[in-house]
Structure formats: structure tokens, C-alpha cells
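One chain, chain A, links the two complexes that follow: it is found with chain B in the first and with chain C in the second.
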Partner chain A sequence: MLDADFFRRWMTATAASVDREAERLTALDSAIGDADHGSNLQRGFTAVAAALDKEAPQTPGAVLILAGRQLISTVGGASGPLYGTLLRRTGKALGDATEVGAAQLAEALRAGVDGVMALGGAAPGDKTMIDALVPAVDALGTGFTAARTAAEEGAQATTPLQARKGRASYLGERSIGHQDPGATSSALLIAALADTAEADGE
Partner chain B sequence: MRMLINVPETVVADALRGMAAAYPDLNVDVENRVIVRRDAPVAGQVALVSGGGSGHEPLHGGFVGPGMLSAACPGEVFTSPVPDQMARAAAAVDSGAGVLFIVKNYTGDVLNFDMAAELAEDEGISVAKVLVNDDVAVTDSLYTAGRRGTGATLFVEKIAGAAAAEGQPLERVEAVGRQVNENSRSFGVALSACTTPAKGSPTFDLPDGELELGIGIHGEPGRERRPMMTSGEIADFAVNAVLEDMPPRNPVLVLVNGMGATPLLELFGFNAEVQRVLRERGVAVARTLVGNYVTSLDMAGASVTLCQADEELLRLWDAPVRTPALRWGM
Partner chain C sequence: MSEDTRVGIVLVSHSAEVAASVAELAKGLAGGATAVPVAPAGGTVSGGLGTSAELVSAAAETVDRGAGVAVLADLGSAVLTVKALLAEGDELPEGTRLVDAPFLEGAVAAVVTSAAGGDLDAVEAAAADAYSHHKV
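And now, the complex of A and B:
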């Protein structure tokens, strides 16, 4: 079972991973966007880690709701509201439980991803974070490791796609041939989840 | 790349401190990133709040003052501000007559302003929104995020600001803002990419002897790359792109806007060519503004915005304004 501390460590692991990969995210964003995805998420997840340290929420749901609220208040751009909504919706779907199972997390994460699709209007294949998140949630039933692989493959599979949402869509066909930065950072979030679970022997 | 900064992390805060020192008419909250005209809220007047990523200066903070914006919310460089900023700004400037959000059509700006509108409405503030989407280089279709907001933002903020200053009600100020946007189109070209402080190197690679046609204001590459053209050829291309999209009925307001690194000497020369093309196409010009207003950091290049102005819009354009970047009649 996964408790509040597990979710806190997931967020901290995401912050560390975003820190390590910030330059790569920004480089990907510079090819088809505006060269700030890495630094924006870095600022956001640093604030998330600090807030979780300070407030120490007691349930998995509360951890994700606090994390989502921090992202909305610190990131800006499209990624702030989108990642913030992902975590907040997932957290709300987890309710007040002090411990949740993997299946419950998978179901909650699906609610979070649905929230992102509703807010941003993106569907699978539009070359967005959805292309990593949807396969990850589908695979989560099989296990955390499968989810990580699915997210990474989903992110890589955005390379030949033409962007239909967000700033990359202005490029039309010139967006083809570049991996989507949002899908890439979504894969980092899922990889951090799998790392945290594996470290726990889940 | 050499930049006149301390460290990339503090460029926005440093600029806000400098603005505060330069413009005592503005109340600059550096910590919360809100720029408010000092006499706000103004009784009986609708308040205008805009904002967006930094890097487009003087947009938006330079347009805060009587006759234009009541408040501006600068985000990180090229990143929309967060909802808390606009909600705070709305609370600071609302006189009870309501607040108009002026939002450039980018996914991030739209999402954050929508969330801010919800927060402000929870506090009992009436909020309306005008979306600016004037860039003809982007096809407005299901397959893009829609047209970008660029140079027309200045026209919307000035003209809606004049309507608000006259005491017109929120629905009217909103309608004026929409009318300006619907009657405005822009097209931009880049002669160089720009460099964000966080990245420190150009956002795209533009070989010598080439230019980008149809760029936005965030260092994103344009729609098409061509061998370098003369000022006259660029004016032909840009003005025709605009006129193809919006056959002119009324005399137009013209904005010849620099992207940040193009000298005024070149901008004035470019304006001469823009006016030549308009003359050849039989388009009457009512007013012209030349300068760096909606910029993209250190990008070289320019954009042309045309706004078809009926007599009422022209009257509101001519109305007094007193802001750091636009000032006449008072």
C-alpha cells in the first residue's frame, strides 16, 4: 500500500529528475516551442518539494492536491495549469484514504489525465503530454515498470507527429521530427513514480 | 551571448525594481509581480488588466496608466503569469464597475487567465475577457492553437482603455475590445532569433543571408524561411499577407513594430515601404505608430499590424493616454 510519505517521495524524486533533465527539456522546447519548459518545471517542482517539506500533508490525496496547487501558483505557461490539474484531480480522486493501492492510484491518475484533456483540449496523437500519460495509465494495471516503459515509448513516439495543440502547432509540418517536451516531462513524472515504487519493493 | 543582467533567475524582478524607480505613477509589487496604476481603483470606471510572459517590453507594464491598462501581470520570460497574479491585480483595481481581462491567444495565457477569472468571480468581481488573435501567419483551424496575439494587443489595450476612461460599462468596453481585435491583423518577420536569459543561446538557428517569415513573439521559428529580402520586398510580403486576410473597408491604423533589436533608422525606412504598399493597394491610412512596442527580447525584425478604424475607434485612439510607453493629450 502507498501512504502519504510514498507520494511525497514521488514528488521529491520528480523534482530531482526535472532538475537533472532541465537542460534537455529546454533544448527540446527550443526546437518547437519557446525554450523554457525545463526552467519552468524546475521552478515549479522546487516549490512543490519545499511546500511538502513545510506542510507535511497526511494523506496521499492531500499531497497531490498541495503539489498541484503549488504548480498552478508558480509555473505559469500552459504547463502550470495542465500539470497542476493533473495532480490536483488525481489527488481529489484519491479522497481521504491514508493508504491507497496501485489499482486505486491507476484509477485516480486516469481521472487526472481526463482533467488535463478537458482543460487543454488535446487528444492522443496531438503531440502533447497526453501521448505519454495515456499509455502510462493504461499500463499501470500491469505494474509500475510497465507504466514507465509505456510513458517513455509514448514520448519517443511523438517525434514523427505533427503538433496540433500548444505553441508547437504554429509550426505546422515543421514540428515533425522533434520529440515533444511536454510528453518528455510527463515520462519523467511517471519514471519517478516507478523509481519510488521500485525502491519500496512495490 | 553577453547580456546586461546579473543572473537569469532574477531578470524579471530586477526589471520590475527598475520600472518602479523610473515611474512613480506606477505601484510596482515586485514580490507578487503586479504593476498597478497608483490611483487605482478609479471610481466609476471599468478596470483593464492584461499580462503575459516577460520579454515583450514595453508590453504590458509600459501600458499601465490613465487611458490604457489599470494593471499588468508579468510572467517569467515568455511564460504566462500565474492565476494568483491576475486575481490579485483584479482585486486591486476593481472599483465595482468590473474588470476586463485582455489576453493574448496562447494556450498558457488563456488557461491562467481563465483560472484567474474564476478566482476573481469568487470574490464578487465581474470579469469579462477579450482574446487577441491577430497573427495571420497561423492558420486558425482545429489543427493549431488558433492565431497568436501580437501587435493588435496595443490597439485593443489603448482603445478599450479609452472607452473605460469615459466611464463606459463593462459590456461596452468588452465589445469595443472585441471590435478592435476583429478588425486587426498582423504579420511579422525575423532577421535573427532571440536569446532567452535561461537558455543563453538563440532559440533557433537562422543562417546568414536568410530570414524567417511569419514569426510570433516568443522566438519560435516562423512558417517559412527565405533568402534575405530588401525592406521593400518584406513590406510587400507582410502587407499583402495582412490585406489578403482582411480586405480593407475603413482607413487603417498602422503599427510598424520593432521586435527588439532592429534600429529605429531601419524601422522608419520599413514604414516608408509599408506606406508605399498601402498606397499602391488603395488603402487609406488614418494614423501610424512606429517603434518597439510588442517585442521579442533581442530578436531583429519587425511586424506590421493594421486595424480598420471607424470614426468611433479613431476617436478613442486619439483620446488622451499617459503611460510609460504611450503618452499623448495629457
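And now, the complex of A and C:
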């Protein structure tokens, strides 16, 4: 079972991973976006880690709701409300349970991803974070490691796609040939989840 | 509707200068509509390009007179931030609405309509109608 501390460590691991990969995310974003994805997410997840440290929420749902709220208020770019909605919706779907199972988390993440699609209007194949998140959630039933692989493959599979959402969509065909930064950071989020679970022997 | 219960208008842009200038322009074109509460929420807290949820919430608070608040946003993260705040439920004053409208033309229409005493529905309709004013 996964408790509040597990979710806090997932968020902390994501913050560390975003920190390590910030330059790569920004480089991907400078090819087809406005070159701020790495620094925006770095600022956001640094604030998430600090808030979790300070407030120590007691349930998995509360951890994710607090994290989501921090992202919405600190990121400054579109990834703030998008990732914020993902985590907050997932957190709300987990309710007040003090411990949740992997199946429950998979179901809640599905609600979170649906919330992101409703907010941004993106569907699979639009070259967005959805292209990593949907396969990850689909694979989560099989296990955390399968979810990580699915997210990474989903992110890589955005390279030949033409962007249909966000600033990259203004580039039309010129967006083809670049891996999507949002799908890449989504794969980092799922990889951090798998790392945290594997460290626990889940 | 009395002057102190006008519909509030919030203008959310990626740029602080754009938000402030559009607010000024809209009030000027509305005949110096000083009674209409209009607040810009542009850029990030640190003054960069982007959207600040904090600035949006603060702007909505300052223009709320109890008659509702119409929010106009330019693009991308500005639109998504307002939507995410509305979905949160308690981050914006009751009766706050994101209006689907072109940013500058919609702002002018919204301020003029609010100055004339229009309610939130009328302000929203006028701003949205700005999409249909073609230039050629």
C-alpha cells in the first residue's frame, strides 16, 4: 500500500529529476516552443518540495492536491495549470484514504489525465504530455516499471508527430522531428513514480 | 444598476505592459469609464512574460463589486491558468467567468457594456460578439 510519505517521496524524486533534466527540457522547448519548459517546471517542483516539507499533508490525496496547487501558482507557463490539474484531480480522486493501492492510484491518475485533456483540449497524437501520460496510465495496471517504459516510449513517439496544440502548433509541419518537451517531462514524472515504487519494493 | 455595482473586468495577458495598456485603452475608448472596475493581470510576479495565478486572483478580488467578474485572457497559459483557477472553486470571487473573446476588441466591448450598466451576461455577450466584427 502507498501512504502519504510515498507520495511525498514521488514528488521529491520528480523535483530532483526535473532539476537534473531542466537543461534538456528547455533545449527541447527552444526547438518548438518558447524555451522555458525546464526552468518553469524547475521553479514549480522546487516550490512543491518546499511546500510538502513545510506542511506535511497526511494523506496521499492531500499531498497531490497541495503539489498541484503549488504548480498552478508558481510555474507561470501553460505547464503550471496542466500539471497542476493533473496532480490535483488525481489527488481529489484518491479522496481521504490514508493508504491507497496501485489499482486505486491507476484509476485516480486516469481521472487526472482526463482533467488535463478537458482543460487543454488535447487528444492522443497531438504531440503533447497526453502522449506519454495515456500509455503510462494504460500500463500502470501491469506495474510501475511497465508504466515508466510506456511513458518513455510515448514521449519518444512524439518526435515524428505534427503539433496540434500549444505554441508548437503555430510551427505546423516544422514541429515534426522534435520530441515534445511536455511529453518528455511527463515521462520524468512517471519514471520518478516507478523509481519510488521500486525503492520500496512495490 | 448603480455605479458601485458594475461588472468587474480582469485582463490577463502574458505581458504586464499589454494587460495594463489594453485596460487603459478600453477605459479611454469607453469615454473614460472611471466607474468600471478594470484590473490588469499581466506577466509573472517577477515581471517576466507568463501568467501568475496570484496576480489573476488579486485582480479579480479588486474588481469584484458583487455583480460578477468577466475575465478576458490572451492565449495559452493565460487561458489555462484562469480555467484551472475556476475549476479550483475557491480561488476566484463567486460569479467570475472566463469570457471567450478577442483580447483587445473584447476588452473594449466589455468595458463599454459594463459602463452602460450591463449585467455579466450582457458583458460576456458583448465581448464574445467582438469575434464577429470583421475588418475586411
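Simple rule for what comes next: the second predicted complex is superposed on the first by the 202 of 202 C-alpha atoms of A that agree within 3 Å, B and C clash if a C-alpha of one lies under 4 Å from a C-alpha of the other, contacts with A are read in each partner's own complex, and residues count from 1 in each chain.
Heads up, the rule we're going with is that contacts are C-beta pairs under 8 Å (C-beta built on N, C-alpha and C of every residue); 3 or more make two chains touch, one makes a residue touch a chain.
From a predicted model like this one, the values you see are computed outputs, not experimental measurements.
Superposition of the two complexes onto chain A shows a clash between chain B and chain C. With both structures placed on the common chain, the touch criterion links A:G166 to chain B and to chain C. Once the two complexes are laid over each other on the shared chain, residue contacts for A:G76 go to chain B and to chain C alike. Once the two structures are superposed, chain B and chain C can be ranked by residues of chain A touched, with B on top. Contacts of A:S39 after superposition: chain B is touched, whereas chain C is not reached. When the two complexes are overlaid on their common chain A, residue A:V137 makes contact with neither chain B nor chain C.
Of the two partner chains, both chain B and chain C are touched by A:L119. None of the stretches 135-143, 171-179 or 189-197 of chain B clash with chain C in the superposition except 171-179. The interface of chain A with chain B overlaps its interface with chain C at residues 36, 40, 72-73, 76-82, 119-120, 166-167.
Partner chain A is touched in their complex by these residues of chain C: 44, 48, 50-54, 76-77, 80-81, 83-85, 87-88.
Contact residues of chain A toward chain B in the complex are 26, 30-36, 38-40, 43, 72-82, 119-120, 162, 164-167, 169-172, 174.
Chain contact summary for the complex, chain B toward chain A: residues 53, 75-84, 106-108, 111-112, 115, 137-139, 142-145, 148, 196, 198-199, 203-204, 216, 218-221, 223.
If you check the complex, the residues on chain A that touch chain C are 36, 40, 69, 72-73, 76-82, 84-85, 88, 115, 119-120, 166-167.
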